[in-house]
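The structures come next, written out as structure tokens.
Each of the two complexes below includes subunit A, the first together with subunit B, the second together with subunit C.
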Partner chain A sequence: MGRNLRRTYHFSSEQFISWAAALVLLMCLLPPFLMLGNDLFAGSSLPTALRSLLLSADLWKLFAWTCVLSLLVTAIASMQGIALGVLFAKTEFSGRTALLWVHSFPLFLPPFFAALGWFYLFGTQGWLGNEQTSRLLFGPWGVVLVLGFSFAPIVTWMTVLSLQNIDPTLEEAARISASPARVIVRILWPIARPTITFAAMLVFALSFSELGVLMFLRVKTYPAVIFGRLGGIQFSPGEAFALSLPLLGVAALFLWVENKLKPMQVFHTMGTRSFQTLRYAWGRWQAVVTVSVAGVVSLSLLPYAVLGWRAGVEGFWEIPRWIGDSLYNSLLIALCTATWIGLFGLVVGHALARRNAFQWLENLALFAFMLPSAVVGVGLILAWNRPITGEIYRGMGILVIGLGARYAILGIRAVASTMQRTSEIFEQTASTFGSGYVRTMLRIAIPMHRPSLIGIWLLILLFCLRDLDAVITYAPPGWATLPIRIFTLEANGPEHIVAALAFVHTAVTAALFAGGLFWLRWSLK
Partner chain B sequence: MKNCAFFHALRFAKKSLLRGVLVLWVGALGFGCQGRGCENRPEVVVYTSVDMVFSAPIFRYCEQQTGLRVKAVFDTEETKSTGVLNRLLAESKTPQADVFWSGDPVRPFSLLTRGMVQSYHPKNAKDIPEAFKDGNGHWTGFAARARVLLLNTKLVDPKQVRSIEDLANPRWKGRVTIANPVYGTTTMHMAALFVHWGEQRTRQFLAALKQNDVRIASSNGEVKRLVVAGEMAIGLTDTDDAYEARKASRDIAVVYPDQQGIGTLLMPTTAVLLKRSPHPPQGRQLLDCLLSRQVEQQMAQIAAHMPLRKGIETPQEIRQITDLKVMQVDYAKVSATMEKIHPWLRTWVGI
Partner chain C sequence: MISDVFVLDHISVVYGTKTVLSDVCLRIEQGQIMALLGPSGAGKSTLLRLLLGFQAPTQGTLRIQGQCAATSGKIIIPPESRGLSVVFQTLALWPHMTVWENLEFGLISQKLPRPARQERIDAILQRVGLRDLSKRYPSMLSGGEQQRVAIARALVTRPQAVLFDEPLSHLDIVLRQELLAFFRELFAELELTALYVTHDPWEARYLSSHIAILDQGRLAYCGASKALPTQDGDSAFVQGIMRAWQDVG
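Moving on, here comes the complex of A and B:
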């Protein structure tokens, strides 16, 4: 009897996993594959492009320069993120939770908005600006600071999660004889280091692929050159694809380091694990710490407040004339994509966690995440602009597919690491008693992880809402999102209107963020 | 039946996770139907490299005039004139656009040579001079810009700069800026020089420009910012940016170059009807609207574009084309040259 029931469970699950895997393949592999195929059939420019890439010292210099720039962004984000992460996770001070959430907020906004806000403040004609501040902003240091502050919450959160995940019994044992500083350096840091390194690599990958801020602050980087190959007068997808190959090297390095570090590993100790979190009190220094943390958090929010100030009454008054359908498009696309990624992420992530299989699928999703969005964009046009798929290409479908390809890794990885943290025993018991795959998922796996799944869904939703680079190449007519509209209008549009639209996007994200947190809290009760 | 997956899914939907998602979905769809998403007007799709801030009001005007719903794809400043063009090329097997409204007169030739353009003589284009439209109806120009020199009068005396060749004068070393010639109207300008001066002279000029430490800005808009801010003394840009610069600062002078020499390069915006487009009748309707006198008047007022027709009022600072010595160029030849010199221009820029 047991054998039969078990077979039913696996047969059913395999069907689902196969479908989900096919979807991931279709989304992530088809566009670059078709782009390559199209180039080979149309008198390939690939060999010439590869030769010129290998021989071009300028391109390699630019590649190295982009790596240096991304490393600097990573350093700034890590310094800020680790310090705040340790404070939030391991110490007690007033307003700690609220400040942590507020600090996270800029992560869910296009970094280009922060650049815009700083420009209104420190540009030549800005509130506090002069030629020197403008020169600093419109250069590598401006990029490093803008992106460093925007991506710091990733490191903060990963630090908080890794520190909170450590079994406090280890820490308690150390505290018997060691000072708090020694406990952090000798016990907590070595355990948390893999996760924090992973966060740093994520920041590196995001800053390496960033386009909006780099274009706005006029700093030339390698992905901008690839974008240029698709935007110049000579439309050369094959060449752009060849130029993206070094990025695959970065992705491979990313995977190698991650496999070495195993960032999401849970450290088990003898006996029952305690989930209590130990925090150090600041005593009479508490007020100083609160003010300092609030200061750093406020600094990262300042450019967004400046947007509101720059917009003024006039800017907000003009919003209905310029916003069009873009806000609605942004929300609907983000909702659909988050749900879409959530669904296949659930199936693939669960399979990854429970069977330790389908690692290749995760690697493929990472490959799609690392590919320059302009390359993916042209691949999507070649793949989906056909009479048979016209309805998808002309509507929101293509955006859901494109964003799905870019952020699939978020859904898969987050679900897998969530599920890895709980035992499989409940699901096995259910299957032993005849429960099928769908029933086991709906009645056991999902309810057990409901708060985390809501969090993952919300995370993807907010990431899709902020996206600019992934969709700008192929957004169908009438489906431009709000970040696209703002970026398009920014070039010669009146500043107050651009600022007002960016502020509206910020406010909507804040409302969704707050609503999501409220929902999360409610689901935890 | 009760045990099937569908009923489990429905039952689960009653719980918080899906209920929340569903509420948001229904809300979003309902909100969308309040807007334009559920309207039943005939549609027309237009791709444009004319700045959104100028073209969007024109599309709104045409919507009112024709009853069409205009769905537009705009270019970004950095890939100006070429982003949507390349999208048109990528989509050539199954075209999605009905009309391409180009910010310059040469990009449409890339489509024309690939057989992607349909012939149409817009009803309202009869009073546009013959030099600015194709006899076979493949393209029609209107509302033009010119390539001008933008000077910061705090840093340079306008009398000292009269020609495009002055940009290579060592006197202005490190104080001149032009937009990246790989994109936008600067590519066209360089190609026009190649056609007019010949290859050798233009290459020499560009080499001298490089030796003069010319600053390559990302766009014409950035050229405007740099000169207005006083970071650069002289910039090469378009009349619409120059007009904005004049509004932003009193210390800005605009010079129409080479009035005693080869003349100033004039670039009418150009509209074409695309072959195998999804909505050809609506495309023709939109072209008729774009080529109307009223639109050219609006482009002069809001976008500082020079009208090609006679008798259209312009803001005081916008010159009429009849007052200008215009560079005589064959746009088809410029387009072909542009494709030829593009790899060399990329090397010149260093990418």
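Moving on, here comes the complex of A and C:
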């Protein structure tokens, strides 16, 4: 006796993956692909435009200068992030977990806010400012320090996760014959290095892409020149496209390096398992370490506190008059994008984890992430500014698509890492009982990973909420987000209003961040 | 002369409200091969981590070679100073190091000069039959070869004792038989002191001179492996072990 064989129609996983793949292609590949069309050049050919622009020595100098600046940001973020990451992951001191979360917080705010906070502190009119501090801030070193501190949590987290995901027996086998310091240098560091290198690459890509801080601190960079060609008196999308081509090469180079590093990354070889890791005690140095780490963390939070101070009661009082729809827009767009990315990230990430297939989709999403925002902006304008897609281009749709292209990789990779933690036998067992793809996902895969998936959704939401660079290029009238509103007001609006709005954004992010952490903690219990 | 390598004196380990080891007293003498048997969750891994120095006892004292190594919440002798080696179930071969580098790591910690290191590594690789594979990375070796590297790495430092954490549990039967014979030969030849954690009574009987059985954190039996008396009040697991023991005997 056995169960009858039944012929039932189920949507297959292939169908879902095809739809998700089509979406990723539409979002991530269409913009750069359409950039290859030359209808922008009205009479002039692409080679001519390229020649006149790319043979300019000044532009290449600017390109090299942008690379140097991004390398310096990467160096500062990596030094701070690796040191803190090792301390958080491998040592024991008071307030370790709380300090790690507090240290992460600036990552979810536009770096431009930090620049604003430092300006209120060290600008010529600032609380502690004078001509010299202002000159330092409004220059390359100001950019390097502001962005270095803002992006350091990326390196910290990647260091922490990679160190915590190393099989502890590798460390224990070394500890029985070597000191903690030697084990960290000879065993843990070489295994964690590819992941940390990837983190450094992310920082480089983000700082190369950054517009808000650089424009505010009046430091000219290559992506800012492209951005300049997309609006105002220098409007020339054809030139913007020609200028974007070298950046496509940079993104392709990143992708190549990342693919070389990927097999060595801890997440990809082992998933994100949590082990009981060895932690080393500081003994009588514990208080010193706690105070030092708290000092560094407080320093990175200081500019955001300064925003509140600069706003004063008057600034907060006037918020309703100035904020308009921007906060609502920000939240709505972030919610829609996080859900949208979550859905196709679930399908593609699951396929990656279970079949180790569709690597090309992941590569494509990574390519879109590595591309400077200004370049994606040019592509999106080309792709969607047409009569037939006018509704999308003039509404919220273009922002959801643009942010989707930028942060698709977050959803895909995070879901894949999460799914790798569990064996596929749970889903295979469901299949043997006749469960199709949708039912297996809804009843088995999603409930089993629910806390992590909600965590991923929240992470994407916070990244979309903070975004300024990706959306500023193509945000349609009436759909300005809060960071865009603050950035545009900064040029000619009252200082205390700008500070108050930035503080409101910070507070909303803090509430979502803290709420998410509490929920995660509760759900994991 | 001290003949006890390990002395566990009324050791208890408690995690929160859960007692993992409860009042364990155990001695392992020089040259003794002791098998430690127990069901999952019996506290075998905790006992191993305690001996290695990764876990402090909540209560009780651990002595190694007569010296107090850990007592009531404190680790006194850190792992690197205990003179022990370990072969984990997963082997824990460092993937970024060659076979040679895996073996050399512990010798550098002992500050041995290069010629002495060379000599020791050559000798042990010769003994385990891997001399030609010294430049390979662990991923380039078969399962059996990886096992041999793990045991070579454990022995090259000439430890006071070697701890084995179910090293053969995930191998196929043929390789397992081959390595068991190899282990027995090595144990006899080197007069090792070893604690061998396993689930398998046959494996324990084949390799060990003494046996300890842990059940729900308590030491249910400890003694020579030749005679294993059944007592009233033994748990189902212990009785199962006893029966299996008699069968394989």
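Details
Following the convention adopted for this analysis, the second predicted complex is superposed on the first by the 465 of 525 C-alpha atoms of A that agree within 3 Å, B and C clash if a C-alpha of one lies under 4 Å from a C-alpha of the other, contacts with A are read in each partner's own complex, and residues count from 1 in each chain.
Operating definition for what follows: a residue touches a chain if its C-beta (ideal position, glycine included) is under 8 Å from a C-beta of that chain, and two chains touch if they have at least 3 such contacts.
Worth saying up front: this structure is predicted, and the values here are computed from it rather than measured.
With subunit A as the common reference, the superposed partners subunit B and subunit C fit together side by side. When the two complexes are overlaid on their common chain A, residue A:176 makes contact with subunit C while staying clear of subunit B.
With chain A as the common frame, subunit A serves as the apex of an angle whose CA-centre rays point to subunit B and subunit C; its value is 170 degrees, to a multiple of 10.
Among subunit B and subunit C, the chain that touches a larger number of residues in subunit A is B. Of the two partner chains, subunit B is the only one that A:478 touches; subunit C does not reach it.
Residue contacts after overlaying the shared chain place A:523 against subunit B, while subunit C stays out of touching range. After superposing the two complexes on chain A, the shortest C-alpha to C-alpha distance between subunit B and subunit C comes to 28 Å.
Residue ranges of subunit C in contact with subunit A, taken from their complex: 49, 52-54, 79-80, 82, 84-86, 88-90, 92, 94-96, 105-106, 109-110, 153, 157.
For subunit B in complex with subunit A, the touching residues are 3, 5, 8-9, 12, 15-17, 20-21, 24-25, 28-29, 31-32, 35-37, 43, 45-47, 51-54, 56, 71-80, 82-83, 85-87, 89-91, 93-94, 96-97, 107, 110, 182-183, 187, 217-219, 221-222, 225, 228-231, 240-241, 244, 338-339, 342-343, 346, 350-351. Only residues 167, 169-170, 172-179, 182, 186-187, 190-191, 278 of subunit A touch subunit C when the two sit together in their complex. Across the interface of their complex, subunit B is touched by residues 58-59, 62, 124-125, 131, 134-135, 215, 218, 220, 225, 227-228, 230-235, 237, 322, 324-325, 328, 331-332, 335, 339, 378, 381-382, 385-387, 390, 393-394, 436, 438-439, 442-443, 446-447, 450, 453-454, 457, 472-478, 480, 485, 487-494, 519, 522-523 of subunit A.
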